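Read through the structures below before going on.
You will see chain A twice below: alongside chain B first, and alongside chain C after that.
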Partner chain A sequence: MVVSLLKLTYNELVEQLNDDDRIVVWTCNDCVRYCGLGGRDPLDALADRLEADGYNVIHRELCGISCNRGLVRNRQTHPATKPIYQDATVIIPLVCREGLETLAFVFKKQRIIDTVETLGLGVYSEETGMRLNVPLEETGLEPSIDGYDLAELAEQRGLHTGPFVAGQKAKAK
Partner chain B sequence: MLLRPLERSSNEGPELKRVYLVPNRCLGCEECIEACKREHDWVACNYIEWVNRIYPVQMVCNHCAEAPCELICPAGAIHRTETGAVVVEDDKCIGCTLCNIVCPFGIPKFSEEDRHAIKCDQCAERVAAGKEPACVEACPMKALTFAEVEDYEAERRERTARRILEVGTCLRRFVAKKES
Partner chain C sequence: MGAQTEAVPYEEIVAQLEPGEKVALVTCNTCVRVCETGGEAFMEEMARRLRADGFEVTDEVVTITACNRDYVFDAPMSGRQTATIVLACDVGWMAVVQRFRDRKCVKACKTTGLMSSVPKSRPKAGAAAS
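Now for the complex of A and B:
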C-alpha cells in the first residue's frame, strides 16, 4: 500500500480557504484509510469541523480508489454529482500523491489543496498498523523488512500522522 | 410463523439475475455503496461488513426465490418485479419493520425520515435499460457480477478449471524437473 503523511495541520489547512469557498471534502478509501488519514470517519470529522467553523462544505465525497482516473471522472460526469462539482471552488483531498495528481488532472477548474506527502510503499497489520517498507528515493531511506514507524517518520520530517481532526478513530493505529 | 401464501410460484417467475460477490477480490473500498447512493438519492441499500476488521464482505439483497420479506409483509408492499427483483412499494409500506426482522441477511433498513422500509431494487431502471446495477458497474476490482445463477456457476467452474490446469501444469514441470 501507498504510505502517506499529512503536510498540514487543521489550522494550516483553513488558512488556505476563503470564506466564500464552496468546499468538497474528498477522501480515498484505500491506502490512506490504513495510514489513518482518510476514509469515512476522518472525512466526516473534517467536514463537520469545517462546517462548525463556518465554512461552506457543499459535498462529502468518498471515492473507493482515488488514483483510478475512471472513478474520479465518474464523479465529474454523473448526473447526481456533476452540478456539485460545477459549483465547487475548492477540493480538500485526503488522498495520496497519486490521487492528488489524478484529482488535479480531472478537476481543472477547482483549487486542489496539497495536503499530503507520499513516502513510499508499506504494509499494514493489525498489530503494528501501517509501516513504511519501501521508501521513495527522495526520502533517502533504505528499504526495510521491519519497516519504519509512521509517527517517528512524521516527527523527523515535520509531517503529521492523520487524521486532520484529532479524536477520531482511524483504521491505522 | 404465519406467512401469506404467495400468489405466484417462484418456479414460474422470470429468470432472475443476481449480484454475486467474489470475496477475495473485494478491497472494501465502498465504491459500491457510493454508486448506490448516487443512484438512489443518496441512500445506500448495500453494506460492507468487515470480518475480524480485515476481510470485507459486500452485503446486498439477494432477492431470494422465496423471499421472507415478501412473504411476511402484512401490507403487501413487497413484491417481485418483472425482472425478478424483490422491491418495496413506498406508498404501501406501513413501516412495521417485519421485513427487517425476517431477512436472514439483515438487508432492509428502516428510514426514520420517510417512515418506510428501504431495500435494494436491483437498480430497476438501469436493468430495464439493459445496464448492470450501479454497484456492479462501479466496482473497480470486478468483485461483483450480475448474472443468472447458471451463468455464475459456469463462470466459477471455468475459473477454477483454469486454476487447476495452471497448478497441474506447474506440478508437471516440477515433477519432470525432479525426475530428470
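Now for the complex of A and C:
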C-alpha cells in the first residue's frame, strides 16, 4: 500500500480556504484509510468540522481508489454528480500523491489543496498498523523488512499523522 | 493500489532455486494483477512451468493484497516448502518474508515505482532479493 502523511494541520488547511468557497471533501478508501488519514470517518469528521466553522461543504465524496482515473472522471461526468463538480470551487483531498495528481488532472477548474506527502510503500497489519517499508528515493531512507513507524517519521519530517480532525481514527476492516 | 511492477524473467527465478526444491507460490491479486505481473492466472502458469522443470509445488496461494500482512499470515499453507516465490510488489514480498523469515523468499516481480501519476518517484533500490 502507498504510505502517506499529512502536510498540513487543520488550521493550516483552512487558511487556504475562502469564505465563499464551495467545497468538496474527497477521500480515497484504500491506502489512506490504512494510514489513518482517509476513509469514511475522517471524511465526515473533517466535513463536519468545516461546516461547524462556517464553511460551505457542498459534497462529501468517498471514492474506492482515487489513483484510478476512470473512477475519478466518472464522478466528474456522471449525471448525479456532474452539477456538483461544476459548482465546486475547491477540492480537499484525503488521498495519496497519486490520487492528488489524478484529481488535479481531471478537475482542472477547481483548486486542489495539496494536503499529503507520500513517502513510499508499506505493509499493514492489525498488530503494527501501517509501516513504511519501501521508501521513495527522495526520503533518503533504506528499505526495511520491518518498516518505519509513521508517527516517528511524521515527527522527524515536520509532517502529521491523520486524520485532520482528532478523535476519528480510521479503521481498516 | 499503487505499486508498479515488472515481471522477473522465469530463468532468473529458477536460478535461485535448488534442483527439485519444494516451492510454494504466493500471489497478490491487486496491483500486480493490473500490471499483469501476478494474479491467479500468472501463478498457475508459473506452477505449471515449475512442475515441468522438476520442482515440487507445495502450495498456490492467492491473497487479496499481500501488503496487508494479515492476509499473508492467515493464508492456509502446508509449511512444506523450502522456498516461496512471491508474485507481488516489494512490500508484498516483505510481508511474506515476515511470515517465513527462516526460509528463502524469491521475488517474481520487480517494483519500479508508484502507478503512473508519480513517474519520477521510484522506490529505493536494494530491497534485497531472496
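The working rule: the second predicted complex is superposed on the first by the 171 of 173 C-alpha atoms of A that agree within 3 Å, B and C clash if a C-alpha of one lies under 4 Å from a C-alpha of the other, contacts with A are read in each partner's own complex, and residues count from 1 in each chain.
Keep this in mind: a contact is a pair of C-beta atoms (placed from the backbone, for glycine too) under 8 Å apart; a residue touches a chain by one contact, two chains touch by 3 or more.
Being a predicted model, the structure only gives us computed values, none of them experimental.
K.L.:
Both complexes share chain A, so when I overlay them there, do chain B and chain C fit or clash?
P.N.:
clash
K.L.:
Does chain B (first) or chain C (second) touch A:T118, or do both, or does neither?
P.N.:
second
K.L.:
Is A:A151 touching anything from chain B or chain C once the two structures are fitted on A? First, second, both or neither.
P.N.:
neither
K.L.:
Where does A:R40 make contact in the superposed view: on chain B (first), on chain C (second), on both, or on neither?
P.N.:
Touch status of A:R40: first partner only.
K.L.:
Give the label of whichever partner, chain B or chain C, reaches more residues of chain A.
P.N.:
Of the two chains, more chain A residues are contacted by C.
K.L.:
Give one of first, second, both or neither to describe whether A:N74 is in contact with chain B, with chain C, with both, or with none.
P.N.:
In the superposition, A:N74 touches chain B alone.
K.L.:
Now for A:D30: first (chain B), second (chain C), both, or neither, which partner does it touch?
P.N.:
both
K.L.:
In the superposed arrangement, does A:I84 touch chain B (first), chain C (second), both or neither?
P.N.:
So A:I84 meets neither chain B nor chain C here.
K.L.:
Between chain B (first) and chain C (second), which, if any, makes contact with A:I65: first, second, both or neither?
P.N.:
both
K.L.:
Once the complexes are superposed, what residues of chain A are shared between the chain B interface and the chain C interface?
P.N.:
On chain A, the residues that contact chain B in one structure and chain C in the other are 30, 65, 68, 126.
K.L.:
If we count contacts the way the header does, which residues on chain A are in touch with chain C in the complex?
P.N.:
By the definition above, chain A touches chain C via 1-2, 30-31, 34, 65, 67-68, 96-99, 101-102, 105, 118, 120-128, 133-139, 141-143, 145-147, 172.
K.L.:
In the complex of these two chains, what residues of chain C are touching chain A?
P.N.:
1-3, 65, 67-70, 73, 89-91, 94-95, 97-98, 111, 114-118, 121-124, 126-128
K.L.:
If we count contacts the way the header does, which residues on chain B are in touch with chain A in the complex?
P.N.:
27-31, 34, 38-39, 42, 53-54, 138, 140
K.L.:
Within the complex, which stretch of chain A touches chain B?
P.N.:
29-30, 40, 61-65, 68, 70-71, 74, 78, 80-81, 126
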